[in-house]
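Quick notes on the structure that follows.
Which chain is which? They are A, B, C, D, E, F and G, in the order written, and residues in each are numbered from 1.
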Amino acid sequence: MRLSDIAIGVSMAMLALLLSYLIVYGGLGPIATLNLRPLAVSFLNYTYNPWKIVYSAMSPEAVTAIVWDFRGLDTYFETSVLFIAIVGLIALFRGANVVQGVSSKGLSIIVKTSTKLVAPLILVAGASLAFHGHLSPGGGFQGGSFMTVAMTLLAIAFSIEFFQQKKLTLNRLLAIRCIGLLAIVVVSVYLLVKAVLLGGYAYIFQNMPRINSQYSMPSWFLDRPLAGILFFFNLSESIAVIGGLTLGVVLLLLREEELKAIIGGGEHE
Amino acid sequence: MIDMVLASAGLTLIAIGVFCDFVAAIGLIRLPNFFTRLHAATVGAIGGAVVPMLGAALLAIGYEPLGETRFILAGVAFTTSIVTMILSQAGSHALARAAYRARAAPLQPITYDALAEKRGDSSE
Amino acid sequence: MKKLTRFIAVFLYIYAFYIMFTASTTEFSLTLGFIASALLAALSTPFLIQRNLGAHDLKSFAYLLLYYFRYMIIEEYKAHKQVIKIVLSRKLDIKPAIVKVPYSVKTDYGMTLIAGSITNTPGTCVVDVDEKRHLFYVHWIYATTIEPEKAREEISKVFEEYAAKIFG
Amino acid sequence: MSTLQDPLTGIAPLYLIAVAFLTAALGLVIRSNKFFKVFAIVNTAIVFAISAYIMHKVVDEGIQLYFFGGYPAPLGIAYEIDNLNALLGLLATSIMLLSGIYSAWYMNFPRTYLYYTLFLTLLAGSLGCLYTGDYFNFFVMLEVLSLSSYSLVAYFRDSPKSIEAAIRFAFTGIISSSFYLLSAFVAYASFGTLTMADIALKARDLNAVTQFSGGVVGNVAIASAMMIALASWTWTFKAAIFPNYFWLPDAVPEAPTPISAVFVGVIDLIGVYGAIRMFYTFFGQGSIALQFRSYTLEIFQILGAISVFIGVFLLLLQEDVKKFIAYSTISHLGLIFMALSLDSGEGISAAILHTISNSFAESLLFYSAGIAIVAVGRSINTLGVLRKYRVALAGIIIAMLNLIGVPPLLGFWSKYLIFKAFLDTGKIYGVVILVLATGISAIGYFKMLFSTLKPVEKIREDPRLRNSMLADITIALCVVILIAIGALYMLSPSARKFINEIGYNVIEGYKAYYAFLSSGS
Amino acid sequence: MTPYDIILTVLTTLLALYLISFALYIVRVLKGPTIPDRVLALDSLGYDLAAFMLILSIYLNSPMMAVCALSLALWIYALDIYVAKYLEAKEVGG
Amino acid sequence: MSSATTFLLTTIMISFIINIAISLYGVFAKPSLVKKFIALTIFSDSVNSFAILIGFRRTPLGYPSIAVMPSPPQSVEDLKRFVSEAVDPVPQALVLTAVVIGLAVNMFLVGLIMLYYKYYGSTSTRRVKI
Amino acid sequence: MSEMLPVIMAFVAALISIVATWLAVQERDMLIATLFSALQSTCYALIYYLLMAPDIVLVYLPVSVGILPLITIILIKKTERYEE
């Protein structure tokens, strides 16, 4: 054991002690009391509140309501962080492409068949999570990552060529990602644009009618609440996530030969 | 009445599941090598997971205090059990094959190995 | 027409799963599920089904259900009993071996059904498949025989009968 | 909420991200590099116009608010823009605009749409950090900013060094932003809110109750100390102050030159801004964490001083132009931190003015040296090639004079303000450090200046050298801006008043900052 | 005592019993001499945990949480085939 | 009873802190970049867990319920009952955001480490000064 | 009891997660370290479940048990398995 390791260990122990001190002396507030924080009570009160619609998201699911409506801005940028990571990966491996026919056989036929059978089921389960994001636990990202399971399972069980054969090239995956993201942008400014065109007033990310603005998204579809932008956000987010995460995984799965071909070129200064 | 029947059937299945789990865990500890442990793990996956999932589905239908949403639980439990049945066998097969091919786990003790002649031949 | 029957089969497969999974009969959920299942079915039909479907497939579906119940109750019970006995006995009484088990179904699904059934019954586990020679290599915890045909008799006869009926 | 809020106040970062999405999508269709250059510059210019408009509104009407989704602040996310935010936002966008024009000359490679996507998200991240009024939203924007900057450091993936620098930058960056996240959780747990103004209110008045978030929940004193301790790690990291300074001389040289300029001009600014917000708006004078805060400020003094000396001494040793500029930035950031931790309005004003001067001057150095780097290489001894490029040479000279602090350039006035702030608070050692640092770094600057006299024979064959008009325009613009601000500060009493009031506003004006909390209907 | 109380009591006992087998699985995960052993134990742990979660959602009276079980079952399978692919193939993507 | 629960929950929180310390030790002290990466993922997970525990509560009836209404409320009483039983949704929403951000950063980091290995032939940082 | 049992389970899971983290950091074989981190993630998922956060479980399981081990395994395959 080196001296530096011991020093790091000691300083980490000190950090742990400090943070424990913070907890034990109530820096985080009481743990597990009967009363929630007042802000949380406000959120729970307004998440589905037909009697006070100017503060409400009209979604029975409080977490999704906070994620996509009350704090929609956070989530908008969070999606863009994922987007930046994907673009960064593409920039790292720019020029790389899946080459077909380089000794790929995947796993055994039993695994392939089982995965094949289950993949559509996982996809539809993910879609259901995205559809019901505002009614039950789940949402856009959950649904999208559920669907990504199916894609990664296929990529591993068959091989990455599988996507190439199914005409899901890297560019198309990026296109799917961008379509989803642009749909998010459109939904988030839809009411604002509408209000500007009609000469009224609306907020960015507006969902239900607000104090100064009467415009609103649909809050009910057939026999269940729709929660306006929440549903559309969930839908577009799941599309975006499935495109983006699959693209990222496929990029990381690129073979040695494919990677070797692109690096060491001459793009600097 | 029918509720009680369903609920007790569900509870029984869950109890079977607990027992199978226990056996599977002991088997995983006791059995000598990876390939024999595979069988104990199968007990854990089918008897210990699929059966109690079905039990949970039955119990949920019969257990009134859960309210209307209990059918969601039943549906999810049933679908999960089916998916688990399809996937657990594929998973153990994939692991066994990989362990055998990569020689990642010792094969002993074994009385007869029909695959030995095929070993090293990766023409497939 | 053939394409349509295939599409409908896959669609029903996905949509049935969706309905079971959500377990809700609201119009909202059913409508959206219908759209999603139709889309997914359109995407995955050529990938899932290669052969033509005929009228006998309804019968084979009934067989599948029958098989499921029989399998879950009888076969699993027998196999579990054996392995539980082995695990709980004081001295581990095992005779592990990898034996060849031939099979005769032609389709991938039938083969997967047999292999899955073998693996899912404790005591036997498919280690490898030889598709050319139609052989499973099965790891058997208490091998009573190493003869391929006898092993087939003991391990996979029931599964194969049903697999032949279900997937041809 | 009697008056309607102006959507332009909140749209800038959102718009930039949307444009970035569009850029990536268009990149699949359009192969022309020219299109993306124009596209990026036009959009950056639009955002520059928006930020100028916001600045104008802030000066005219006071603090600007925007409630996203129409939710009043503790319930939703609000943008709160006062003098400080607006000024720094204008600074960030103008440097980004310059860098955008410069990139059009510099980035002459295939697939530039990836570069411009990351460029736009970088600007979005920094603007979001500056404008946001929400403690957690700041974290998200910090990640947008950091991830784009890691990607841009690694953009020249063909050089092993840039990958290594990006890895070091990313690891430390992730840890520092995780600490910030932890502090955000502590803020929520203890103050029961995430809106900055709400925290500021409750840190001063424990019995305050607001409409949606009620009163405080936990032991606020410990929580504030913890927040300060955890977040200070992030500020020192972003601002490249002593224990966390090493990423700057690592990452900056490996990034593309326009991005290096952004690093020293914009990203450091976020650290400075965050520190000011934390120490004067949340936990300012009269707040609960007074004692711990004053300790931390003292520590910041020491850390700033150490950074100054690290900067000036290591600067003398550098052979690499980009590293030279990076260390010079570290020394100036040390000075800025010393000024802002004086706990006086003058100190903050001085820090802000010095940030402006430093950002423009260091960026100008990068823009000018960039031509030499393309032509010959990164060695400091081959700057003589700039004798062919008169504009760049002028840029270097002006920037150096500014950094040394020669009147009547802006650098002189900012150093003078720092000097005065030190004197007024009775910290004589600060004056000594300021003078010493200026003297020592002047040696380095003059060394660099002399190297421009040496003629250079070998010049690379590079298509970019044939037409350096865009680079010249950038440098000229930057020089004009630098001189103009200096002249403005010298000649216009209202500009001087504006700068002097920023510090006062930050310290005393927190009341205006959270006044809206009670005005919500 | 209503029948539902009896059900709840039995469930509590069964849930507590589950923990024993989990502990044994974890012993194998920590001890397992080879990698397939560990994965196998993790595998069984995951499937059982999925069943456990389903039962727990009855116990905690919130049926909507049950979806997590499907997610867990799927991902444990995914972990299986990742490791299998790692051991078997020259490239994970091949 | 309730004090025992509080004690256990506090211990759980301290266990997260211990995990933070251990994983940070792994990030700083271990030379291998892959090990650093694994430790980093554990670190960010532990930071997130912290928040979930903050949102936990007790209810008069015993265990709280999730922050989801089974069906839209019909009256104000429904809403009141929901508020008195549900856990705090805010930390969950924050953690959701943080998890996704962590995933994004980690994916990018893996790409970087891959290229690092391509150039230096090793993932150790002791060879190269770091 | 109805209140205590889940909390006790969460407590046990937290203890196991400490052990798993320690082993993951100490282990020289990266593949095994990945498995330990998967174990730790599973424990965390159980804790989240017991703390009534199904949304987080649904996002955490795919990310931490699914995608992160995958990319770690890819990374190990592409680089080196044993720490020096």
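Here, contacts are C-beta pairs under 8 Å (C-beta built on N, C-alpha and C of every residue); 3 or more make two chains touch, one makes a residue touch a chain.
Chains and their UniProt names: A = Sodium:proton antiporter; F = Na+/H+ antiporter subunit C.
From a predicted model like this one, the values you see are computed outputs, not experimental measurements.
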item	value
Neighbouring chains common to subunit C and subunit D, by label	A
Chain located farthest away, centre of subunit A (Sodium:proton antiporter) as origin (C-alpha)	C
Pair joined by more contacting C-beta pairs (A-B or B-F)	A-B
Reference subunit G; chain at largest CA-centroid distance	D
Cα-centroid distance, subunit E relative to subunit F (Na+/H+ antiporter subunit C), in whole angstrom	20
Inter-chain centre distance, subunit B versus subunit E - centres from mean C-alpha coordinates, in Å	10
Rounded Å distance between subunit E and subunit G, as computed from the means of their C-alpha atoms	13
Distance between chain centroids, defined by C-alpha means - subunit D, subunit G (Å)	38
Two or more partner chains touched - positions in subunit A (Sodium:proton antiporter)	19, 28-29, 37, 39, 41, 43, 63, 70-71, 74, 78, 81, 84-85, 88, 92, 107-108, 110-111, 114-115, 117, 121, 125, 129, 136-138, 141, 146, 149, 152, 156, 252-253, 256, 263
Set of subunit C residues in contact with two or more other chains	17, 21-22, 115-116, 126, 128, 131
Residues of subunit G touching at least two other chains	2, 6, 52, 54-55, 58-59, 62-63, 66-67, 70-71, 74-76, 78
Pairwise chain contacts under the document criterion	A-B, A-C, A-D, A-E, A-F, A-G, B-C, B-E, B-F, D-F, E-F, E-G, F-G
Contacting residues of subunit A (Sodium:proton antiporter) [partner subunit D, same complex]	18-19, 21-22, 25-30, 37-39, 41-43, 46, 54-55, 69-74, 76-78, 80-81, 83-85, 87-88, 90-92, 94-95, 171, 174-175, 177-179, 181-182, 185, 188-189, 192, 201, 203-207, 210-213, 263-269
Partner subunit G, residues of subunit E touching it in the complex	8, 12, 15-16, 19, 26, 29-30, 35, 38-39, 42, 45-46, 49, 53, 56, 60, 62, 64-65, 67-68, 71-72, 74-76, 78-79, 82-83, 85-86, 91-93
Residue numbers on subunit B that touch subunit E, as the complex places them	4, 7, 11, 14-15, 17-18, 21-22, 24-26, 28-29, 34, 37-38, 40-41, 44-45, 48-50, 52-53, 55-56, 59-60, 63-67, 69-70, 72-73, 76-77, 79-80, 83-84, 87-88, 90-92, 94-99, 101-102, 104-106
Residue ranges of subunit F (Na+/H+ antiporter subunit C) in contact with subunit D within the complex	24, 27, 33, 36, 40, 43-44, 47, 50-51, 54, 90-91, 94, 97-98, 101, 104-105, 108-109, 112-113, 115-116, 119-120, 128, 130
List of subunit F (Na+/H+ antiporter subunit C) residues in touch with subunit G within their complex	1, 4-5, 8-9, 11-12, 15-16, 18-19, 22-23, 25-26, 30-35, 37-39, 41-42, 45-46, 48-49, 52-53, 55-56, 58, 62-68, 87, 92, 95-96, 99-100, 102-103, 106-107, 110, 113-114, 117, 122-124, 126
